[in-house]
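The first chain written gets the first letter, and so on, giving A, B, C and D; residue counts start at 1 in each chain.
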Amino acid sequence: MKYFQPHSVEDALEIAQTAEATFLAGGTDLVLHMRTGKVQPSGIIDLGKVSVLREIKITDGFLNIGSMATFADLGKSELVLRNAYALWQACQTMGSPQIRNQATLGGNLGNCSPAADGLPPLLALGAEVHLMSAEKEEIVPLATLLGRTPLLGQETLIRGFCIPLKELKSGFAKLGRRRALAIARLSVAVALEVNENKVENVRVALGAVGRRAFLSESLSQVLSGQELNQEWLEKGVLEVQRIVREALGTRASAPYKRVAVSGVFREALESIITEGGIQA
Amino acid sequence: MKSSVIGSRVVREDAWGKVFGQTKFPADVNLPGQIYAVVIRSPHPHAKVLGINSEKAMSLEGVVTVLTAKDVPNNSHGVLFRDQPVLAEYVRMVGDPVAVVGAETEEIARAAAKLVVVEYEVLPAVFDPEEAMTPAVLPLHPNLRPTNVLYHMPIRRGNMEEGWAKADIVIEKEYSTQHVDHAFLQPEAVLAYVDERGHMVVQTATQYAHYDRGEIAHALGLRFSQVQVKTLAVGGAFGGREDISLQIIAALMARYTLRPVKMENTREESFYSHSKRHPMKMYYKTGATKDGKLVALEAKIIGDAGAYASWSINVLRKSAVHASGPYVIPNVSIDSYAVFTNNPYAGAMRGFGAAQTVLAYESQMDLLARKIGISPLEIRLRNHFKVGSTTATGQVLTGSVPLDQCLAKIAPYLERGGDSQ
Amino acid sequence: MKKRGIGLGCSWYGTGYGNGFPDVSSAFVEIHDDGSATVLTGAVDVGQGSNSIFAQIVAEELGLESQDICVYSGDTDATPDSGTTAATRQTYNTGNAVLKAVRQAKSSLLDYAAHKFSCPTTEGIELKNGSIGVKGDPSRQMPLADMVFQARLAGERFISAESSTARSTPVDPETGQGAPYWPYAFGCQSAEVEVDTETGMVRVLKVVAVHDVGKALNPTQVEGQIAGGVTQGIGFALLEELELHEGKIKNPALSSYLIPTALDVPNIEALYVEDAECTGPFGAKGLGEPAMLPTVAAIINAIDDAVGVRITSLPATPEKILQALAEKKRGGEC
Amino acid sequence: MIEINLVVNEKPYTLNVEPSERLIDALRNRLGLLGTKEGCGEGECGACTVIMDGKTVNSCLVLAAQANGSVITTIEGVGNRRSPHPVQKAFVEVGAVQCGFCTPGMVLSAKNLLDRNLKPSETEIGIAMSGNLCRCTGYDKILRAVKIAAEEGAK
């Protein structure tokens, strides 16, 4: 196996174009998969020394997050706290401190497990993904990208994520079996705008319900343009349960998840209302 | 005057080495020239080994040898019966070791282990102990028992008819517990070598070095005086290091190769190479008078022993003896069974059969209390053992029986706060 | 909705091998020329701290500090067989063997000292603070080291080997009647839980554990055993389950076989009752296994107290709790 | 083989490692730093925790090559019998050590917390220690020891 450790994005892309190699982000998934033999790359491009990929900054109305920003970086970032509260929340509970210190948001997308903690918040917040290869550069809405199979070409690098700064209130909740080192059994991220007493542009994303995290169109329709009250919440609960029922069909986990999702959904919304992300 | 050492908070001497990372666990010892051994385990729960072809594995550079059942002088071990093979020709559970590869490095040994081809004749297997008990199912250990019922313990006390006649309230319920793993933090590891005296030295983490010595000596045909088992730091045990795991296999490899042999389980291998807590099915029928006195208990407890006997007899005996809970019940009929299946073998684990029955007898107590209309504490106060009480086995408790003092101490904590909504 | 409840669990546990299985422990003790001592025993310290307990026992008897005692264990070339570290038997049983052994070595030492101090019997001789002397007579005292060294010059050594066998008698195989174990250790625990009625998640908020230890030889270790036992009990009650498919373990990994983390463990109040067990060393009983027993019951009873459902199969997963809640809502028996 | 440079416990090393070699293997097998333990091999138990560039990581999930250029602290680099780190002293005195297999990782997680945060709250302590599994102690005394070490350190 060949090992490359480029120091710039350009070098990384060039290696990717010329060598049979897999990008290595934090490694918390890839190193494990290599060990178990699930993945056997003939080469590795370690992005750990490309410092520009770790940047978290605001430019042109977007919160830009480099793909190599770790969950710990994000969970400690004031910018993320203010502008992407749901993501910030997700970063507090993902894995363990050791995992958060190493795992990156780009790696979370690259590995794209159904339970990936970072994806529902990014979906709800309307994040776009900045992709680069030696030949092409594109910015794709995450929701669109998650519809592609395969997710990424081998030579495609996740440069970063762009979250539009839209004064969104957002929240996240995850259901695991234990309180740390927990793989999400269900996760819900919600983002919305509040105009006077009405909620607009509600975006709800679900994780661990199916193969990949997804954004629910129907929840958006049911919940947008309404008054923020108990009735609104209960409507959302019914709809989210319906979506989970539909998405999971006859899977063994369905009977539990379609009920339990109500609690997770409620918690995600409560985190908007009480902790707000509202301060910003 | 100096205060007593007994009863004082003496600091453990071993703690210092542990906080500095100096303490040697078995994975931390090595010898020059050592080889690594890796076990090939059965993927089938019940099978005959028809043949083992190690040609391909042997052709890998760095492979020293592959050993199988025919290389073990006395191919058996076990705490109560020697019913467990060191290397199996007849497999009774997934994970039974069938061969072991020795190689210059761990990497080579692991690669070679994948190249050993084992041909099995897969046999029908049974996983449900209640099904395994029926005469239709062939016994897994015909030399030991004619059926899969390894053990039955009855406890009979008083007169059940009279007991039920006195019972104003009867609660009948089924309870069940799961397979549990010890999940000690340190996976099994061992270093075995023949030393300058010609003695077999085995450094490992075990709960009982002297028992390991006997098992190794038996399997290898050595005298106790020729085998030294030296316990290094033990990274948790909880019963999971009672039965022997890698020790004999490593010693066997060391004897054949005359090289120091190191073995380290991965976590996955660890799950397959030690016992489990017995899952139990518990059928309980408990009767009490309306003033909350227990008068009768009928219980049937079925423990899944899995593929080998290990400590199952003692575990299910302990279940039966403790099935009443710490309460006086004059009329008792308890039956406990240990049953062979093709599940992972069950053995010792913290609580040893008495951990499962707590679920049943304490649930019954709460259910009875509710029906009678007294508090959970009250029903226990009316029935618990005191000095002079007689247990279900007829044992009179003399000496220290301070459950009353324990309950008095906990009572204030049972006051309920408000519900948080 | 999150609802809280409190549950109580009691338990008992017969320690030792039981049922007539010979339950023997052995120990060698040597008192050194400088007044320190070594204990050799086969009893393996698996992390629970038995070596430290044995040091305390010997130190107490010889009027020394724990650090004056070397405990070496679990090496078949050097130590006598002391049985397995299981059945909650090492503090009690090997503790007794160590106590017998040190008392035997001490007894020859006292004989020698009595002679040295011109006392007709050993009754007035005491070992205290590293000294040996005549009780109440400050003029006839000497450092223990001097006494042992002088003894060596006189050809006397203080070395002993002892065994201790616990009470263990078989029951009648037909009726189960008899006295299988001794001693029994008792305990009770309360658990306060919070149950989320929507997700079925149970959070253990507080556990109070009260255990009968006979005599706490080392309170720190008693508390450690209790907290560790309670935590394994929480795992047993709520999290841990080997999933099998045709005998194959589907979750042979710590990422799928879940044990409690630091955040899953509540505030644990570890209390104990000291009611001396006359057959135990200094009145002590074992605690290792008993510490985990009542936890399961306390949690299951607390869940019922919180939401009115009776979970009868372990672990009490969120799935089982939601299912039970749904059945209860439908008016089914619970 | 790739050449990497590491500073481990304040000593510089140049090592030739396999591309697939994990940091834990390099530390244990090449540098003989056996205080770093492997309990699960999947970043779950935290027994292999080391501090890399000021952050705790599971050394079983880091390739040695990824650590190129890093500054690493293993348990061997934290305190000794003559001058134990306050965390080590508190662990011993409080009784936070039983079997001791998780202890090196626990000590490093605690040390790293106190390096960053002199006065951690109980919640912060719990979170900081949540990536290290322990099967013996029930965590109670471990969390208490960290708290005591923090109080000692703050004095």
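We take it that a residue touches a chain if its C-beta (ideal position, glycine included) is under 8 Å from a C-beta of that chain, and two chains touch if they have at least 3 such contacts.
Quick caveat: nothing in here was measured; it's all calculated off a predicted structure.
Remark: among chain pairs B-C and A-C, B-C carries the greater number of C-beta contacts.
Averaged Cα coordinates give subunit B a centre that lies 18 Å from the centre of subunit C. Our note on geometry: subunit A versus subunit B, Cα centroid distance of 43 Å, whole angstroms.
Chain centres here are Cα averages; for subunit A and subunit C they lie 48 Å apart.
Centre-to-centre separation of subunit A and subunit D, using mean CA positions: 29 Å. Each of the following residues of subunit C touches two or more other chains: 46-47, 49, 220-221, 229, 232, 253-255, 259-263. The residues of subunit D that reach two or more other chains are 39-42, 44-45, 95, 98-101, 127, 130-136, listed in rising order. Shown for subunit A are the residues that touch two or more other chains, namely 96, 179-181.
Checking each pair of chains for touch leaves A-C, A-D, B-C, B-D, C-D. Residues 1-14, 17-19, 21, 42, 44-47, 49, 51-52, 55-57, 59-60, 64-67, 71, 73-77, 79, 81-87, 128-129, 171, 173-181, 183-184, 186-190, 192, 194, 208, 210-212, 214-221, 229, 232, 235-236, 240-242, 244, 246-249, 252-254, 257, 259, 269, 271, 273, 275-279, 282-283, 285, 288-289, 292-294, 296-298, 300-301, 304-305, 310, 312-315 of subunit C are the ones that touch subunit B when the two sit in their complex.
For subunit B in complex with subunit D, the residues that touch the partner chain are 9, 11-12, 14-25, 27-28, 182-187, 233-238, 266-267.
Residues 2, 19-20, 22, 41-44, 46, 49, 55-58, 60-63, 65-66, 68-69, 109, 127-128, 130-133 of subunit D are the ones touching subunit A in the complex. Within the complex, the subunit A residues that touch subunit C are 96, 175, 177-181, 183, 255-256, 259-260, 262-264, 266.
Residue ranges on subunit C touching subunit A, taken from their complex, read 196, 198-201, 203, 239, 255, 258, 260-264, 318-319, 322-323, 326.
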